[in-house]
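Both complexes shown next keep subunit A, but they swap its partner, so subunit B is in the first and subunit C is in the second.
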Partner chain A sequence: MLEILIHGAVSSAIYAMLAVGFTLIFGVARVLNLAHGSFYALGAYGAYYFTSHFHMPLLPAALLAIGLVALFGVFVEKVLVRPMRRSQLAVLMITLAVALVVEQALFLTFGSEYRNVPEFVSRKFTIGGVDVGGQRLLALAVSVILIGLLWIFIQRTRLGSAILAVSQDPEAASYMGIPSDRIFSIVMALSAALAAAAGVLAGPFLTVQPTMWLLPIVKAFAIVIVGGLGSIPGSILAALMLGYAETIVGYTISTSWTEIVSVAATLLMLVFRPAGMFGKRAAF
Partner chain B sequence: MFGKRIDFVGAVVFVAFMAALPLIFGGNYLIGVLTVSVIYGIWAVSWDFMSGLTGRENFGHSLFIGVGAYTAGFLNTKFGLNGWWSLPASMIVATVFALIIGVPTLRLRGPYFALAMLSGAVIMQRLMLIFWEQTGGEEGINGIEPLIRSQLGFYYFALATLVATTALLLALARSHWGLILRAIRGDEATCQAAGINVTYYKIASLVISAAFAGAGGALYAHYQLQVSPQLFAIVTSITIITMVYVGGMASIYGPVGGAILLLLLTELLRDFGEWRLMVYSCTLILILFFLPNGLIAPTWRRMKTLLAGPK
Partner chain C sequence: MNKFSILLSAACVAAGLTATSAVAQTKPILIGVPTSMQLQVGRDTQDAIKMAIDDLNAKGGVLGRKLEMVVADETENPETGISAIKKLTGDDKVDVLIGGYTSGVTLAQEPHISAAKTIYLGVGAASPSITAKVKQDYDNYKYIFRVGPLNSAIQAGQLTDFIAHFVKGELGISKIAIVGENAKWVQDLVPLLKKGATAAGADIRDTEMFDAQTSDFSPLFAKVKESGAQYMLVILSHASSDVFAKQWYDARFPVPYGGIDVKSMDGDFCKRIGGKSIGELAVNFATRAPLTPKTIPFWDEFVKRTSRQPVYTAFGANDAVYIYAQAVERAKTTNADAVIKELEKTNYVGIPGTIQFDATHDVKPGTATYRGPALIFAQWRENCDREVIYPKTMRTAEFIYPPWIKK
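Entry: the complex of A and B
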């Protein structure tokens, strides 16, 4: 029971980090970023590469990886997505193409075998008789802190208000002198950094290989549908639900059935309440 | 009238050329490449019929291809049915999947359909691995019987299927029906206001598209004589989408040219091996930026005006 509680919390935390960034860039820039999973993959590979090839200590390596992925996110937004933004389809196509280019680049440089991202904390902790890897607890803690910081940033700072304003009405925001293009880049950097952080933190206990971007994007999509496209509280709640639902299914039925949970949730939600739990705009 | 005659002549010349290629150059290798390119042509045309016309991008066309191919595999190896049953059966199964995904997502506005198709294909690929006892897991199903023993005969059958599919979908696309689909891409709300049941048309076009993709999948299964979860891979869908973009969206005949052109080109790139998919993804990005209308269909239109001469 406690096992489910703890492991569910860990997977929820990773999902939340992925989904919040995914929903943020959609909510603000109306960009459905299929390359979001690639940021996650690049974060994990970055930490691996800097530690194993340059023998950097883990913390600077991780921060460097996250920073570079954020820059890459800005590049994708400025150079590839921005000229295409008039058409949502073109954005989907271009971001999917980016995701494949990244996958192929990772495959060509690192090959298809699994890579090991070093752990920050390697000792195990025992909580109420349950053994939990320290890295998992760290992932949980960091994720809560990062999402909390993001929330405070958006709610309390001037830049955060600008982001909120753009998400509500980009045109009106630009009349107020808010440079929406720059806001889009900032949000993309934040979203990419969050995904990369998830990759760095989850890398040690999940598989790191070139196709690792695919399942996270499917999960992020499911979470965002259940929570409501563009809603941050919705995606956090939905991440908790999906994380726990998967863990419970994994423990009670079989781990191979966990993948079905997200699909079932997505389909049910689309049938009964397409706008999601917290979606502001109706999907019809 | 003249334009139509040129279209017809162009199509005849193209089919005659494709039919003559293996006779001129011979060799089983070339026949194999041509067969695969013709099957990709069927997939590209069926993708274009739904996504090109209505503007709803389908990122998981491989889902229909995969279920079609697996249907063929199951019926042929597990139930010992004659290979010719595969084609109708795979069309039916693909149709069922199209309804399962299309009915909840296509009534919605927004990107739900594109993403649901993408997830659907990913999940089906996982399911094939999870239920490995039934599906053969990574290995897939082996020992499927060929439809036609002679390789050349099968190539001609595939080519005939491609011609029939393209002709049928082209006729549909140029009918009143296709006009409605194009109108949906233009402005869905206006169509609705005009009393058109938009959802019905979108789902029906997805079903038609899925049925032909499934049939193409069955053909592919009977050509490769085995099926594997790799059929469901996103890469398959992206390859098809790239072919459609190269051919020219919503032209129906363009994607056939796109498929054949790209596959023959990649055979020339064979030496690049692992770089092949990279080349595809980069081609897609370049085309999105520099040739948003594609290559084949606009070229044909220009040729037509040249042939028609000054008015």
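Entry: the complex of A and C
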């Protein structure tokens, strides 16, 4: 029971980091970013590359990787997405193309083998008789802190208010002198940085290989559909539900069945409540 | 038409025929290589074939013809695998196919190999169903041979011996959990393994099958622990062995593991995961040991050329080129039917052992009296070195438990 509680919390935390960024950029810029999983992959590969090729200490390597991925996010938004933002279909296609290009670039650069991202904490902890790797606990803690900081940033700062204003009505916000385009870039950078941080934190105990972008985007999609597209509280709640549902299925039935949970949740939500739990309107 | 014209025409026809024949004689023998190019098993297949081709060409080729290699990526997807066979046999018109890795892909390719009437020497896939077709429908499937690895039924037998003689016999452990990925060859192997292990006196406490995409093994480890098993016998090929080993180590999981773990055969596997496989006992089909007079020279030459240690597909691929070349020399033609008759008589001292084919064109395993290929269990040790633990006759060091397991 305690095992389910701990491992479910770790899965939920990683999912929440992925889904919050994904829903943030949709909520503010109405961009369904299929390249979001690539930010996660690039974060993990960046940490691997800087530590193994330049022998950098892990923390600077991780921060550098997250920073570069945030810049890449800005590039994707400014150069590729912005000219096509009026067409949702075009945005979907261009972000999917980015994801595929990143995957192939990783294949060509690093090959298909799994790569090792070193962990920040290598020791094992025993909580109530349950053995848990230290890196998993760190991922859980950092995830809670980062999402908390993001919440404070949006609710308590001037820039956060501007983001909220743009998310409610971009046109009215620009009449009030808020530069919407700059806000979109900032939000994309935040979203990419969160995904990259998830990659750096989960990389040491999960898969690091070129196709690793696909599963996170499926999960993020499922979570934001269940939670309601554009709703951060909805995403956090849905991430918790999905993380725990998968862990319970893994422990009580079989690990082979865990992947079907997110797909089934998405399907059921689209049929019975297309707007999701916290969504104001159906996104599709 | 006068006499001179007739003579001239006859001379022209004769000259044309001679020229055509000369071209056929000098045309290279094409070896088609369908393999997973992105994986080390695929890269090693290509490099090992290239080594054999370079060697044979330096000695004058086969029947005076040079050998050449054409590669097609079959990935791990049956549809792409079929396209690779169609390209190699239809467009490139290769004389022989040497390759393969995923059993599901090879099984899907077989009808197309048969339709193309092209000899196929498998070096990667282990499902017994692949060669079973030779016996069921010889006329259509006589083209299929397996040079390596040993099929999964034979592997199950040798794993059973490992459980009986080493896990139970030497470590004194009888409570075992079987953990395998959901793949065709594993589905073939697990029932045989369970039956054999139970007959050998082992108590199979748990059998866990998981999807190859699984990235969190915590629930699986919890179930194994709950079952009371004291040894985890793994059967992994396409799954993320790296993640499995990392999570086993990170949780300091109190149960040692070993078995068939294809990615753990990679020379850099241990270093790739930061040394977290130390203590794992993984099956290999050859190691740098004098299994035959060819093993060490091949191993060293391969490392010299590629700067990496070979995996199992390299042994089969290199041997397959020589086996085919010798069969063509004996048959004095590349005609498939004639070469098949010679291939069936193969008795070749290869890298992992002597290669002979049984009635289903499958490689014969080694026995106490016959030095054919056999499973070799090597353990990852400090500094990511490997030591042979089983069979006992080849042991280079004693087994050690991972540091967190006290015995």
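The rule is simple: the second predicted complex is superposed on the first by the 281 of 284 C-alpha atoms of A that agree within 3 Å, B and C clash if a C-alpha of one lies under 4 Å from a C-alpha of the other, contacts with A are read in each partner's own complex, and residues count from 1 in each chain.
Criterion: a contact is a pair of C-beta atoms (placed from the backbone, for glycine too) under 8 Å apart; a residue touches a chain by one contact, two chains touch by 3 or more.
The structure displayed is predicted, hence computed values, not measured ones.
Once chain A of one complex is fitted onto chain A of the other, the partner contacts of A:107 extend to both subunit B and subunit C. In the superposition on chain A, A:171 contacts neither subunit B nor subunit C. Once the two complexes are overlaid on the shared chain, A:256 sits against subunit B and subunit C alike. Contacts of A:89 after superposition on the shared chain: subunit B is touched, whereas subunit C is not.
Of the two partner chains, subunit B is the only one that A:222 touches; subunit C does not reach it. Judged by the document's definition of touching, subunit A residues 107, 215, 256, 259 lie at the interface with subunit B and also at the interface with subunit C. Residues 38-40, 182, 208-211, 213-220, 222-223, 240, 242-243, 246-247, 250-253, 263, 266, 272-274 of subunit C are the ones that touch subunit A when the two sit in their complex. Residues of subunit B that touch subunit A in their complex: 55, 57, 59, 104-105, 107-112, 114-116, 118-120, 122-123, 126-127, 130, 234-235, 238, 241, 245, 274-275, 277-278, 280-282, 284-285, 288-289, 292.
For subunit A in complex with subunit B, the residues that touch the partner chain are 32, 34, 80, 83-84, 88-90, 92-94, 96-98, 100-101, 104-105, 107-108, 214-215, 217-218, 221-222, 225, 229, 256-257, 259-260, 262-263, 266-267, 270-271, 274, 283-284. Subunit A makes touch with subunit C in their complex at residues 3, 7, 11, 107, 111-116, 118-119, 122, 124, 131-136, 204-207, 209, 215, 247, 250-251, 254-256, 258-259.
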